[in-house]
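Below you'll find the structures, each written out as structure tokens.
Look for chain A in each of the two complexes below; its partner is chain B in the first and chain C in the second.
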Partner chain A sequence: MGKPVAIIGTGQTNHGRRRDVSYPELVREAVVAAFEDAGITPQDIDGVVSGTMPSMMEGISLTHFYFADALCQVGKPILKVETCGSTGQSLGHCGYYWVASGMGDIVLVVGHEKMHEGDSQATMTTVFDPFFQQTFAAGAPGIFTMQCMEWMYRFNIDEQKAREAAALVSVSNHDNAFDNPYAHIKIRVTVDDVKSAKVITYPVRLLDVCPNSDGACAVIFASEEKAKKICKKPAWIKGMGFRGEEFFFGESDKSVWPSATEAAKEAYNMAGIRDPLKELDVAEVYNPFTYQEMIFYECFGFCPRGEGPDYVLKGTFKKGGKLPCDPSGGTLCTNPIGATGLIRLAESVLQVTGKAGDRQVEGAKLALSHAMGGTDQFNGITIVSSEL
Partner chain B sequence: MRRVAIASMAQSSGGESRDSLMDFTFRVAKEALDKAGMTRDEVGCIMIGSSDIFHSGLSCSNSFDWDGTGAFLKEGSRAEESIFAFIYACMRIMSGQFDTVLVTSLVKGSENPDNDACTSFFADPFYLRPVGMNETTAAAMQMREYMWRYSITEEQCAKVVEKNLGNALYNPYAHIKKKVTIDDVLSSPTISDPLKVLECAPKSDGVVSVLLASEEKVGELTNRPVWLKGYGCSIDHFYPGDRDLLDGELKTAAAAAYKMAGITDPKKEIDVAEICEPYAFQELLWCEQLGLCGEGEGGTLIDSGVTRMNGTLPVNPSGGVLAMNPYVSRGLYRIVEAALQIRGRAGEHQVDKDVKTALAHGTQGFAGQCHSVVILEG
Partner chain C sequence: MAKEEPREFKAEVVVPYELAVGRTWTTFYDTLKEEKILGTKCRKCGRVFVPPRTFCPRCFEEMDEWVEVAQEGVVETWALINMPFYGQQLEIPFVSAQIRLDGSDTGFTHRIGGFDLKDFETVRTRVKLGSRVRTVWSKEKKGGILDIDYFEPVK
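Let's look at the complex of A and B:
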């Protein structure tokens, strides 16, 4: 790992259907919260990184123009970074490199999406090329369902067992969301509710799927010198990884998911982690679909291939388990896409700095955050620690 | 700060390509690697500069771009604009984490709607879009104000077209090949008063790749490294009505770049400039704000001939954006052209003088809302 870089503040909006604010106002809400958390002013910022999923989701392109004033950063250098659903993690990585390069001491990183102003599934269908894939792709669920079927078949996972485990994943995320003041969906659900919910694309049901949310998240990165001066308890970046695979869905093996596996490996190498299940205290896994969350556990080395459901049934990843995952309620309960990956990072920072409130995992020191994007194509990971 | 150099470059021509975008991208990215004798496996990181809506109607363009740029299962990312991608790639090297980064910017304008169908989507849907704001209408307002405040004439603005399209005749990669006179420009149809058709940039295809390397590594890849010396970027208010369109953020961006590069007198120290001028008059205005001439002196600058190919401070010897406008990639094209001039390898559009320090500039947004300035040195 190169130069130490810290995170000194985070800010989130109240995520949900935000009819009360315009898109720039939503962005500003997160930015102002981050400034307050870090105890600095907009003048202290040397540069800003901004991004959405695709800009076009809300009918405005290159949104950094529109948000220049909302970001409080007129007259400053800006970088717009976007990698589809993994945007949030890519934004964070850019914030790290900006500070680590020495080109700036304090960098503001902002992710945002106001999904109720657009048609997200229509947008996602146009991620596919117009000639081959767009004709049969049906937004995000179609792709993720194909992946989960492939995974169950490949590892000979009993469908009923996977169904039971996925339902537990849904229940625990929905329960966790009640501890998170920013979360969007707050409903109590039972395993039976999940199993009898409306089918979206078999076997994925309504309660296996994330919502559309409006929301923004801001994270402030600082050099070691500045962080020590400004912040009593910063979080330190320990490892990062980002990988992408082929554009054509059929070309890669999504049941072992090389991009997820390799991104994690890269981040672990950088952070010096050998046994993630043992060493990590908490993980914020990007989980727009319950089944997919279990595939991530396997790719990230939390459990052996094909055993994700068994570990879930054992309670390994729920609150109080060996490695609590998504104590925030995760993507499953809150998904403003361009912000979602950055919310994962912000939540992991709150955990290692002891600021996570009711969702705090006792004594968390080392946390993983993650985001996924494209047609199951991209995975980005950041590992933060309470120690330098 | 760790030094970063350009090790190799490749660019496509701006005319319509028959290749699919993926093949088109691959060809140029591969050429940049080949020139440095590198394989994809040896590159540390891949950086993409591309944009969703300017890219054949695909959302999340990095999804499609990933294969052609050579990023499969490699560390990488994507920025929405090519100079953003360039500087982010430089930051990755400066951080010490990577020794090489391949930056590729791509767009296939021939498969997209008109520029302004795209730029009108910069406008918010409530105030600016209903009044028909796009980059051309915003530029027209800026030009009117520029002519009024500083007594710049239409002839002086038209001279930029005559100069740049004249230069483009010698640039094999340029899209527009047309010898035009000042009269041709002034008698071409008005597109958005006072802007004439010939004063507005075309819409081009364009894939451009740059292989960046650390100081330790670059010696193995080339004997003519071109060094990044300075960078500055600044963004202005969104609503054009909140801004003085003739006193924008380019000054801030330039000041930052000059400070980093240790330049105190840009007029003397810059040997050649590649400036992003999607509208002819903007070359004059940007020259003022870059400190290449005094305030309000853009007209005199073009009249004096110093910015011609054989002048003392040539501007856009490649023909600039007026001759070739691959919207997303155009900033990185300026960097590549500036670097070619430093290497003395620009071919028939190589300037007559020795080039040690060159400036590359990129801008996007209404009337230049966001500017980037890059200083390169041999």
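Let's look at the complex of A and C:
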């Protein structure tokens, strides 16, 4: 354990198709918002951490150089972090390490993506190894569909039941997005809409899948001393976990997903959490696919293996349920990938500091945030609390 | 100043690569030409990897023991891909699958085919999780992963 670390400010862009700004301008929007929220100036920061998905997404290498000015990096040290979809969580972890080590008092962490500028599925397909798997890959939907099929088979989950539950997950996320001023997709959908939407990769349909979004998120980390001086109500990092698996998709069991399970365990141990369903007030689960969200519930110990759909049907994870998940509308409604994991963290910070507006879970004190990356290879978790 | 829609700028990055395959995978590809599927076995954990690995990703031990595995195996999972994107290597529709070949301990990524793939409902009567498939070889071998044309369901 290092020194205590707080989050004293967050900033997000309006996510969506942002043709009105160039990529560095988009990044600056989030940075400015975070500084305003924290009430500090660029002069106050000791370092910058920045991250995206593969740079190929926007056709520019070393994006942290491209954004140096927008990140207030001039005259400061900078690090880039890149773990695919889990980049946002890795970014937060890096900010934590920097401050917890005592090497910096205030660190700016920024995640960003402008997905409309390239071809996201073509880019993601290059995440696969070029010799064996890339030929058969089909971006994110291919891999996640294979994973959900394996999961249903392994736990003998009735296909219709899973379909119904996944549709409810979609409806609840889409409803929640209306409470979030930054969310990208804002449409009312019904269970029937989801079940009859266009097939992407069966059984996954259009409304089971996240959009391509342009967006950025900035989070400011601070030492205990600085946080207490600057911020009336900081959020405190209580637990973190990150785990990886083998690079080749077929070499680990994705239906029980070791990296997701172990990352959660590590974070719970650090935070002293024994019964997550009972102790957590809210969770921002990285949910680009409805079916996959249910696998995460199981990996994180929110419910027993194979019972994710039953708990969804009971309403456990919806607004007003025992453990509301993704009151922001989640990744399903907003996915600027390099920013997405950090948005999960920022949203959990807003929850425990009572700043989440219409999406506030009343009295939330302890929140989990999460992101997943690679071909189901990485999982990262950060738990924040209103108490030190 | 006249009000103008924000502009977009067309750009393209095309970079050719020559990727070193390494000895282990060269051996694997060479034996595919002889219609054999080889894996490597970890002396420490005993697992057999297909495609072969130079070292065990969990034990970090070198793997120099070669094992020929069966040309039949079990479907661990699959997905019908009918979604086009830039740079796609196979013609859609195709069935992407993880196949655990008998005698191996990993899922081998390839495709399942040999029948009409247009409609999901038809496809799922032929492809089931836990069902068995066998190798169908390409007539012309180029020393690549498509020397195996596809896997077909075993009746």
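Convention: the second predicted complex is superposed on the first by the 387 of 388 C-alpha atoms of A that agree within 3 Å, B and C clash if a C-alpha of one lies under 4 Å from a C-alpha of the other, contacts with A are read in each partner's own complex, and residues count from 1 in each chain.
Please note the rule applied: contacts are C-beta pairs under 8 Å (C-beta built on N, C-alpha and C of every residue); 3 or more make two chains touch, one makes a residue touch a chain.
Fair warning: this is a prediction, and the values are worked out from it, not measured in the lab.
Touching A:Trp236 in the superposition: chain B (first), chain C (second), both, neither?
Neither partner.
Tell me which partner A:Tyr297 touches in the superposition: chain B (first), chain C (second), both or neither.
In the superposition, A:Tyr297 contacts neither chain B nor chain C.
Figure out whether A:Gln133 sits in contact with chain B (first) or chain C (second), or with both, or with neither.
Touch partner of A:Gln133: chain C, not chain B.
Output check: A:Cys84 vs chain B and chain C. Expected answer is one of first, second, both, neither. What do you get?
After superposition on chain A, A:Cys84 lies in contact with chain B alone.
Does the superposition put A:Pro141 against chain B (first), chain C (second), both, or neither?
The answer is second: A:Pro141 touches chain C but not chain B.
Per the contact definition in the header, classify A:Asp20: touching chain B only (first), chain C only (second), both, or neither.
Second partner only, chain C.
Between chain B (first) and chain C (second), which, if any, makes contact with A:Phe247: first, second, both or neither?
Both: A:Phe247 reaches chain B and chain C.
Check whether A:Gly59 is in contact with chain B, with chain C, with both or with neither, and answer first, second, both or neither.
After superposition on chain A, A:Gly59 lies in contact with both partners, chain B and chain C.
Overlap of the chain B and chain C footprints on chain A, residue-wise?
On chain A, the residues that contact chain B in one structure and chain C in the other are 56, 59, 130, 246-247.
Residues of chain C touching chain A in their complex?
The touching residues are 6, 8, 11-13, 19, 21, 25, 49, 51, 57-58, 76-83, 85-90, 94, 96-98, 100, 106-111, 120, 129-130, 145-146.
Please output the residues of chain B touching chain A within their complex, sorted ascending.
Of all residues in chain B, those touching chain A are 1-2, 22, 51-53, 56-64, 66-67, 71-81, 84, 87-88, 90-97, 118, 121-125, 231-238, 242, 249, 252-253, 256, 364-366, 369-370.
If you look only at chain A, which of its residues touch chain B in the complex?
Chain A reaches chain B through residues 2-3, 47, 51, 53-57, 59-62, 64-69, 73-84, 90, 93-94, 96-98, 100-103, 123-124, 126-130, 241-247, 258-259, 262, 266, 373-375, 377-378.
Provide the residue numbers of chain A that touch chain C in the complex, in ascending order.
19-21, 56, 59, 119, 121-122, 125, 130-139, 141-142, 145-147, 149-150, 153, 199-202, 246-251
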